[in-house]
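Below are structures written as structure tokens.
First chain A sits with chain B, and in the next complex the same chain sits with chain C.
Let's look at the complex of A and B:
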């Protein structure tokens, strides 16, 4: 009974440490990714939350005007948009999503690393009759579409039949973090990354042009040009955009994420302390019950050294069970995305468990070793406190 | 009081156990009622209050541990009390009464906190029912000690 309770209490604190470690690692991964985008002189667009949104009213001419303004004023921009679902047969029967990016974004964000093939190039020939575009594909698609193969598909943004040539295969578990919630990310194991050049953008539907504007990053530009763009977007699209500078973004990250991380750390430390105290209390309760047996055993030749070893073995087994259960829970949630065919969250690894999870498990292991030492030493101290004769009489 | 199975430290331990369980429950309810705009913090906390019932139920195990280990330590005391003329019926009644008083104190403390924070008291009432069941089950253990 007490063993079971101690096991559960330890599991609760392990779960707590695991979640805190995982959130922290995930946020830092997102933060590192953002550091590439958020450089001095860059402005990141963000739709004002109070802005009226009437997508139906916006047509291609309106968005084209905005891109023309960018071109006429020599404003370089990094464009990235994804999540356009396309039905593309593949070995895992997953939904495939298309991600579009332009050359500036590809150079700026170094997330899309390849394991095989060559880097993307953007100066492909965009001929209206026969369009062949070099693309990068996720690892999950590489079995069905090996390097050099071609895929004929109707592109959702161009709304016409095009040929995609597999130029490279992405490394497993390439991710992209949400700009405004760094800990949430999606994976590109079942995505096709399509390079967008000027001709592509001009020929694409309003969808790509508009979606592209939502997270557009304007590179090395000035406040005046940004104000002009702000006006153009307001006039043509009726949308209010905010353009944040590097300092404003870092200020936001510091205020928003580091205060959240601090709160998470404080909660974790307090709860872990309480749970550890309860665990120690439960262990001492079991010592209180068994003190007679311990003293009799010590009386007939059990050494403290051996007793310590028995305790360490015992807690080692408890922690091992906890780690296995944590691994099973993690694997279940990761593998669940494969069963649900959730392409954006499916990851490669042992049962889908990825580096971030292993790091969190390692943090739990480290925590367990410390807690284990504390509990065992306190228990031994409690046993040593009882004079042998008194222990037997009790 | 004199005839009680409880020592001061036992009463204190039981009160702490009850307060901890009620405290965690109030904390969950309070955090749920807060409007947190940080997505990161929200997802972190959601992973806990999604399993609130399970976590609180697991925590109530500390009360079971308390009853179990305390009564086991009092085996000889119960037997000796019977030897000097006490009856098992009165020992059990006194035990239940005292546990209920301690539970009552913890409940009143939790009630004051919930009123101050303006959150629902329902969960803590459920929790009290669970504790009453534990008290009744543990009182059955005392009967076993009659024949030492």
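Let's look at the complex of A and C:
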């Protein structure tokens, strides 16, 4: 009973440490990505939560007016949008999502690293009759569509048949973080990254133009031009956008995200401490119950050195079981995305377990080593306090 | 005859916050291999403390103790544990069994801590349980056994490593006549067959059965109420 309660308590503290470590690693990954986008002089657009939104009322002319304004006022912008599902046969039978980005976004965001092939280029010829676009594809598609191969597909944004030429293969587990929830991210193992140039944008449907505005990043521009853009969007689309400066974005992250991360860390530390104290108390209770048994063992040849080794072995086994269970839970969660064919979250690794998971497991291992040493040494100290003596048995 | 024990205690002190108790003052004991000794004294004079010292459980006293020709103060904790495992057998009271283990596991407990190569002691296991007549209870837990059975199990555990020295802590205190005789017979058999040195402590010198037992010993030491000096060395011949 005591063994199971100690095992359960240790597992709970391990799970808390794992979640906190994983969330912290993921947040810092998101923060590093955000730092590339959120540079001084850049404004990041965000649809005001109170803005009315009626997609049906917005047509292509309206959105084109916005992009014309950007062009006429020499406002450079980084555009990125994704999540457009396309049926594209592949070895894993996964749904494929198309991601669209323009050259500025590609240069600004360093996430889309390739393992094979060449970087994207954007000055391809956009001929309405025979469109061949160089693309990057995720690792999960590379078996079916190797480097240099072409894919004929109806593009959801152009709404016509186009040819995609595989220009490069993305590194495994390339991700993009949610700017407003840094620890949540999606993966591009089953994505096609399509370069958007001016001709592509002008020929695309309202969908791409509108979606592109939602997270558009305006580069090195002035407050006046932003106010003008704000007005154009309101007039043409009936939408209210906020454009946040670098300072405002950092303020947001510090105010909401990092403060909540701090709270999570403090809560984790407090809960872990409580669980550890209960574990130590529980272990000491078992020592009290078993002091006669320990004494008999010490009588017949057990030494404190061996006892220390036995305790370390015992807690080593408990911690190993916990780590295995944590690994199984993580693998189940990661591998579950493969079973559910959830392309945006499917990752490559041992059962889908990726770097941040291994780092979190490493953090748990480090935590376990510290806690193990504390528990074992306290238990030995307690046992040594009762001298080996015939008196104990009497 | 080889001298295996040379103990000279100037003073053993128990301290607490409020009191200081000094026992075993100027206590000397020399024992040769193969001797059978009884230490007799009333409760509180230090018999158990003496067994703790003899059994390498307590080194916190003023004096010296040479066992098997080695100064015990020079031994480290692991060596002490090894000696308790290899050279000393403790015949304790019947309650000194681990209730969560079977009788067989209790008897084999010292083998767990034996050095590699000592596992041939397993061969002795069969002969020991035959002599002690406990085959039928090997799979039982101590709580399922009688007091006499448990005493024999404690004895079996003490001799499984064939120790050179057996220390007995009132081994027959709670036993009836038959069981008491059986344990004493086994002790003497060990002594005769393997030249094992046996030291036992008891407080009940007036008991006829104990005196019968002591009459079979080479010597006894009586101290406390049985002596005018602090310790008396009396060969019973």
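Going forward, the second predicted complex is superposed on the first by the 391 of 394 C-alpha atoms of A that agree within 3 Å, B and C clash if a C-alpha of one lies under 4 Å from a C-alpha of the other, contacts with A are read in each partner's own complex, and residues count from 1 in each chain.
Simple rule for what comes next: a contact is a pair of C-beta atoms (placed from the backbone, for glycine too) under 8 Å apart; a residue touches a chain by one contact, two chains touch by 3 or more.
These figures come from a predicted structure and were not determined experimentally.
*Asks:* Clash or fit: what happens to chain B and chain C when chain A is overlaid?
*Replies:* Result for chain B and chain C: fit.
*Asks:* May I ask you to decide whether A:301 touches chain B, chain C, both, or neither, giving the answer as first, second, both or neither?
*Replies:* Touch status of A:301: second partner only.
*Asks:* Residues of chain A touched: more by chain B or chain C?
*Replies:* Of chain B and chain C, more residues of chain A lie in contact with B.
*Asks:* Measure off the angle at the C-alpha centre of chain A toward the C-alpha centres of chain B and chain C in the combined model, and quote it in steps of 10°.
*Replies:* After fitting both complexes on chain A, the angle is 40 degrees.
*Asks:* Check the residue A:387 against both partner chains and state whether it touches chain B (first), chain C (second), both, or neither.
*Replies:* After superposing on A, A:387 lies in contact with chain C but is clear of chain B.
*Asks:* After superposition on the shared chain, which partner residues are touched by A:293: those of chain B (first), chain C (second), both, or neither?
*Replies:* In the superposition, A:293 contacts chain C only.
*Asks:* Between chain B and chain C, what minimal C-alpha to C-alpha distance in angstrom results from the superposition?
*Replies:* 8
*Asks:* Between chain B and chain C, which residues of chain A are contacted by each of them?
*Replies:* Correct list for chain A: none, the interfaces share no residue.
*Asks:* Inside the complex, what are the residues of chain A that reach chain B?
*Replies:* Residue positions touching the partner: 1-2, 4-5, 8-9, 12, 19-20, 23, 27, 180-184, 256-257, 259-261, 263-264, 267, 274, 278, 281-282, 285-286, 288-289.
*Asks:* In the complex, go through chain B and note every residue touching chain A.
*Replies:* Within the complex, chain B touches chain A at residues 13, 20, 38-41, 43-44, 47, 55, 58-59, 61-62, 64-66, 68-69, 72-73.
*Asks:* Which residues of chain A touch chain C once you look at their complex with the stated criterion?
*Replies:* The contact residues of chain A facing chain C are 292-293, 296-306, 387-391, 393-394.
*Asks:* Touching chain A in the complex: which residues of chain C?
*Replies:* Residue list for chain C touching chain A: 48, 51-52, 55, 57-58, 77-78, 80-82, 84-86, 90, 92-93, 95-98, 100, 109-110, 112-114, 157, 169.
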